[in-house]
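Below you'll find the structures, each written out as structure tokens.
Two complexes are shown next, each including chain A; its partner changes from chain B in the first to chain C in the second.
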Partner chain A sequence: MSLPGLPNLLALVALVAATALAPLGVGLLLGVDRRVTAAMQLRAGPPILQPWYDLTKLATKTSLPVDRLAASLLVAHVVLAAGAVALVLAGGDLIAAVLVMGAARVLFILAAGAVESPYAQLGASRELILLLISEPLLLLVAIAYGGVAGSFSAAAVAAARAPVLTLPTLGLTLGVLLAIALRKSPFDLATSHHAHQELVKGSTTEMAGFWLALAEVGHWYETAFVLVLIALASLAVPLVGIGLVAATYTVAIVADNTLPRATWRSALWIGWGIGGTAAVIALVTGRLFGAGGA
Partner chain B sequence: MRGPRELWQAWVRRSRTKSPWVVHFDCGGCNGCDIEILDTLMPRFSAERFGVINVGDPRQGDILLVTGPANLRNAAVLRSVYDQMAEPKVVVAVGSCAAHGGVFRGAPNILGGVGELVPVDVFVPGCPPTPERILDGVIAALPLLAEPRTARQATGGPSPMSIVMLEQGEEEVVRVPAS
Partner chain C sequence: MDPVTTAVWLLLIAPAAGAVILAFLARVGRGQDAHPATTPVSLVTLGVTLAALVVTLTAGGVLGLPGRIVVGLGALDPAEPLAGIVWSAAPSLLALLFLVISVRARSRLLIGLSLVQVAVAMVATGVETLTEEVHGATPNALVLDPLAGLLLAVSAVVGGLIVLFALGYEPVHLAHQRIAPARTPAFLAWLLVFLSAMHLLVLADDLRILAVGWELTTLCSFVLIGFDGDREAVVAARRALAYNLGGGVALGAALLLAGPGASLSTVIAGALGGTADGAIAPALLPLILGGFVLAAATKSALTPFHPWLLGAMVAAAPVSALLHASTMVKAGSYLLLRLSPAIAVEGFLGPAVTFLGGFAFATAALLALREHDLKRVLALSTISSLGLIAAAAGLGTPAALAAGALLLAFHALAKALAFLAVGSLEQLSGTRDLEALVGAARRRPGVAGLLLIAAGALTLPPFGIVVAKWALLVLGASDLVLVVLLAVGGAAGLALWTAVAMRLLVRRVEGPRAELSGILPRSQGAAMAALGVATVAGLILAAPVARLVADPAAQVAFGREAGLASGWSVVLAGAGFAVPAIGLLILVAVGLAALVARRIPAVAPQPYLAGANVAPGASTAFHGAMGQPVSAAGAGFYWGADGDALGAGGRPVGIRRWASLGGWLGVALVIGAALVATWVVRAAGGIAP
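Up next is the complex of A and B:
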């Protein structure tokens, strides 16, 4: 969001701080998520700070040999993912932010595929399917926001009040996108910490120590990106925005627990069928009743 | 008053002991211990509450859970899995075979316990040990993860001694003869 009253330098510092803290916030949210998921499965679950423990441990492991190409691609992936989040937080162009995030994810897929492990390459090609499902949806959401606000700038979208008709359908699409960003379902594509997936950490097979921590930070930026997109829907009324994020997240957790055997085919159908239709409805209603309408 | 450096080091030590990712390697016993290990990871015993994750890549693991006797056939593989793990790391030998060869001891291809090949930090006895005891063994190994092995040896920490889990919740530190 833009900070009109402040001097530029202060705004820049705030932007850098917000971008740096975004993944830490997501880590905390994932810790709560693991507790809620464990409660649903009648388990106690790890401490809420578990994702931070994991990240610190990985980052402070003694160094391991790493594929140089994969390492450079990983660094570029994190920089671009952070850039995409910063672009939205700065009130920049949503379409550009979506494309930057898409590029970041392509870099991660290249990093996963750059090594010789067949599991990593299999994981990389499956990440590509996830990208295929989510990227068109992300673009549709950005265009729907553009219709609501009459502008693609995140600042304008944050200031605009989305029509009541648009919110639920937009929330549905963003819920699908969040489920994909969290990497929990479908089980034959996921790269989460859950045991119910088919390929245990496929795309990160060859990453370890500091480099796995870096991949984790990139993943947290990707999740932060979707969460910020959800919050944008009703930043004009902050409480509704927080409620919308919480509701969408809850739906994503429940869906993951209810569909532990969802495959990539069903993900494609649910993603493009339900998510895509909802996005188109949001696009049309937003265009008709939003600020961008005639 | 602790400075930021001490606070960071305390946080790192805490993180290392709270995030034990296990690598499970079967040297070739009867698979009884392996089934008990899988039981331990299931929701009933809920190892995840200690931050335990079962990983397939030794480079991502912190605790090496070994079952079965050390033998000629896969001695190099066990050594390779151990070498691929990054410090700080610990080895937990699960079951009688991993401790001393068990019923296979004396067979021509058996070298003995896995301690012949890798430095074992915790022995969990039993044939097979119960999931509770395996979990106890893993928890006994957690404090060792705070520092790399070399740092532990320099400060006179638990290594090169090993912990043997006797009864439920009880443990005994014994000195293992240097190989």
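Up next is the complex of A and C:
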């Protein structure tokens, strides 16, 4: 075996750096999100860096884990979530990355449900429903990309000429996925920034301090994963890619502000109904106009 | 005789011989306890079987090589005149036996079905004995190749461990059922007969021998489901018999159409257009294959034939683990994988099989989300996995076949482990209700932890099962319907096992919970530990097993490389599962988690109850509206369980009705595809069969 060459080493450093920075970027984006939402509701809103302030404050608080198992599951959750993002950034197999992200989310659900507390239990159940809604959509998105690019590797999808043009309806699916990743609507579901009800943050009720910060970082990685998937639709033209992310995000914010009273059942039917149908239409159009199957 | 022939003979005879001795012990045993010779006889039988398996696989040259060895049966070979008549008559005799059972059961449905089967089998026997041997010139009674080797390994190793488990489990179980533990040897004898039958089935190339193995497994299943003899067991056994008799009729019809002396290899060769001697009329081939597919679908309990498997769960844990999860139901999967190259070329038949399997994969997993009887969860999850294997067979490419073979092997390990763990939990606690077993993993980590390992192996990367699922998603990407079914079914399976794991892991400090103390018999623990180690090894062994067995099996079937083993070892960049990278990731995650767990101070938990806690500490009691203490113990999430939009109750409403309808649509597609393919051949050839 030969030692890895310098370019390989550089690529590895770049990969680690990008993976480490990804959640920070998401934190910034969430800060902007809160300002935009506040503006829509005629409020001033917090500073843009507020999510970072929250995170650092949480991380430096006294560590009071309620349960050993839950705490160690959270650690594994963050490692796997970061790994899934790294797998995509490294140009690896998209379907494998989706499966790894699914495993990461399973660990979070188990951490949330490990303690017998009514809020945590209910929150974990709701997280389970979100997993059920979003996992098939993520797989369909990966397959649609693969159909256009002729390969399921993220590198091939990024290099493909215009996935965004051959898969017009996939944006809807990605919008649904982003809304789920952000945990905004519906009101009935696991976690959100609306500070109205204890139920809303159910899954993290029994987490505190450093461990809550870990859960937050894992959540940011999950959001970063979806954002990277959106950007993949047009990475050949970076400006369009950034525009797509911004447009999808805006749609998600508007949807969040118009659907506050939806329940988890309606979330399921909206998710599978709209997101799933859009993904299937994208698969068909990708087959018809795309560059050939994988 | 050469060592391979001897070893193959031993694989067939040793379990049956052990069964005869055990049956004798059951007869001569006095008193309440099992005959003292039961354990030594069983262990010697298992040892001989295992040794025979090792010799078969190593000396046979089927490991890592696309080898195919014809094993003669000597004087018993169907090519011999007298033995031929015996083998021809055997399916008829078994059908008559089923008729006797049906008459004694006084069930019109059973009598009708077995009468049809007797008629079909009798005609086949008559045709076979009256006509001269057409293509039995070369004796090819038994054929050993990588796929058969894989099935033999699954049956002998997993089956052997389950028999070991049963040695400790069954006396306790029988005592609990108010039956004398002296019946244990009889129970073990039936398990061993089943192993012999299964070995015969997977080695058989001659269709008559295949039919004998097939019907013998049906017989063993019927007897073992009804072994406890209570009303519930008898009803379930009859239901299983009814479905399997239906499948037997389909198999009999296929045999009849194939004609005397036909073998699996002549059917496949005929479909691929390889033989010039016109052994089987080409127009009949799609119908023959359709019959095989329907027989396999009933054996594998694919929707809409799944009810018998759910009923079969009343049987003892070793029966469920051996027959209804890891081995007998795999006979259907095996037949589909074996015929995969032939199915793929018969026009629309391949996609029809893929739909039938993919649909079972998705609906069974969704149906399982509402169950909290752990055995029903496991049964539905099994149906789901069997559907996935059928879908792989329907895709009909070398890599898909290799992925299906891999799924079959790893699923057998994980599901056998899961069934034995659930059986042990039930033995300790007297219940298998998930809601009563809340927190079991905290109190009996040894037993419930094994169930968690099995759950992880079924759903998490980079275990072999998930790798095979990934491979099927990649390979089936051009089939839109399959892709949607795979995506939904995969997510439902993930959610299902997460829900189960969550309930087992909850730290419950008060509220109802089952008693879990007690000691398990040593053989029971040893069998489960061995299966647990083998299941975890599935993390590492996916690629080697693919290289040793799955890829060669595909090469034997298709004559070209599958390349599945190399397909997922690509590191990180590019397409491929990147097993090393993902494996490293999992190792880092688990290692860090373990490190953290040791350093975390033990903090007394106090659940958040909106500030209304009755007492400090872990109690979940809070002050109610009238100041009275209320317990806030939670319950799991069972989608569609009570009056949900997706249907509830015993009648097939909601999703259950859709499951049934979709399953029958799949069956109709298979029949339609076979008929259309026949019509196309006849229209093209213009020759009547």
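Quick notes on this structure:
As a convention for this text, the second predicted complex is superposed on the first by the 272 of 294 C-alpha atoms of A that agree within 3 Å, B and C clash if a C-alpha of one lies under 4 Å from a C-alpha of the other, contacts with A are read in each partner's own complex, and residues count from 1 in each chain.
We adopt the following convention: a contact is a pair of C-beta atoms (placed from the backbone, for glycine too) under 8 Å apart; a residue touches a chain by one contact, two chains touch by 3 or more.
Every value quoted in this text rests on a predicted model; they were computed, and no experiment measured them.
Aligning the two structures on chain A places chain B and chain C next to each other without any clash.
Once chain A of one complex is fitted onto chain A of the other, the partner contacts of A:Ala255 are absent, as it touches neither chain B nor chain C. Judged by the touch definition given at the top, the superposed model places A:Gln50 against chain B, while chain C stays out of reach.
After overlaying the two complexes on the shared chain, residue contacts for A:Leu24 are found with neither chain B nor chain C.
When the two structures are aligned on the shared chain, A:Thr205 is found in touch with chain B and with chain C. In the superposed model, A:Ala14 makes contact with neither chain B nor chain C.
Touch criterion not met for A:Val32: it reaches neither chain B nor chain C.
Once chain A of one complex is fitted onto chain A of the other, the partner contacts of A:Leu64 extend to both chain B and chain C. Counted by residues of chain A touched, the larger count belongs to C, out of chain B and chain C. Once chain A of one complex is fitted onto chain A of the other, the partner contacts of A:Gln41 are limited to chain B, with no touch recorded for chain C. Seen from the C-alpha centre of chain A, the directions to the centres of chain B and chain C diverge by 120°, a value given as a multiple of 10 for the model superposed on chain A. Of the two partner chains placed by the overlay, neither chain B nor chain C lies in contact with A:Ala247.
Superposed on chain A, the gap between chain B and chain C at their nearest CA atoms measures out to 6 angstrom in whole units.
Counting contacts as defined above, chain A residues 63-64, 119, 205-206 meet chain B in one complex and chain C in the other. By the touch criterion stated above, chain C contacts chain A in their complex at residues 369, 439, 459-461, 466, 470, 473-474, 477-478, 480, 483-484, 486-488, 490-492, 494-495, 498-499, 501-502, 505-509, 511, 572-578, 581-582, 585-586, 588-590, 592-594, 596-597, 600-603, 605-610, 618, 620, 632-637, 639, 645. Residues of chain B that touch chain A in their complex: 11-12, 14-16, 18-19, 41, 43, 46, 48-51, 53-57, 59-60, 62, 86-88, 148. Contact residues of chain A toward chain C in the complex are 63-69, 71-73, 75-76, 79-80, 83, 87, 90-93, 95-96, 99-100, 102-103, 106, 109-110, 113-122, 124-125, 128-129, 131-132, 135-137, 139-140, 143, 146-147, 151-153, 155-156, 198, 205-206, 265, 276, 280, 283-284, 287, 293-294. Residues 34, 38, 41-47, 49-50, 52-58, 60-64, 119, 193, 195, 200-201, 204-209, 212 of chain A touch chain B in their complex.
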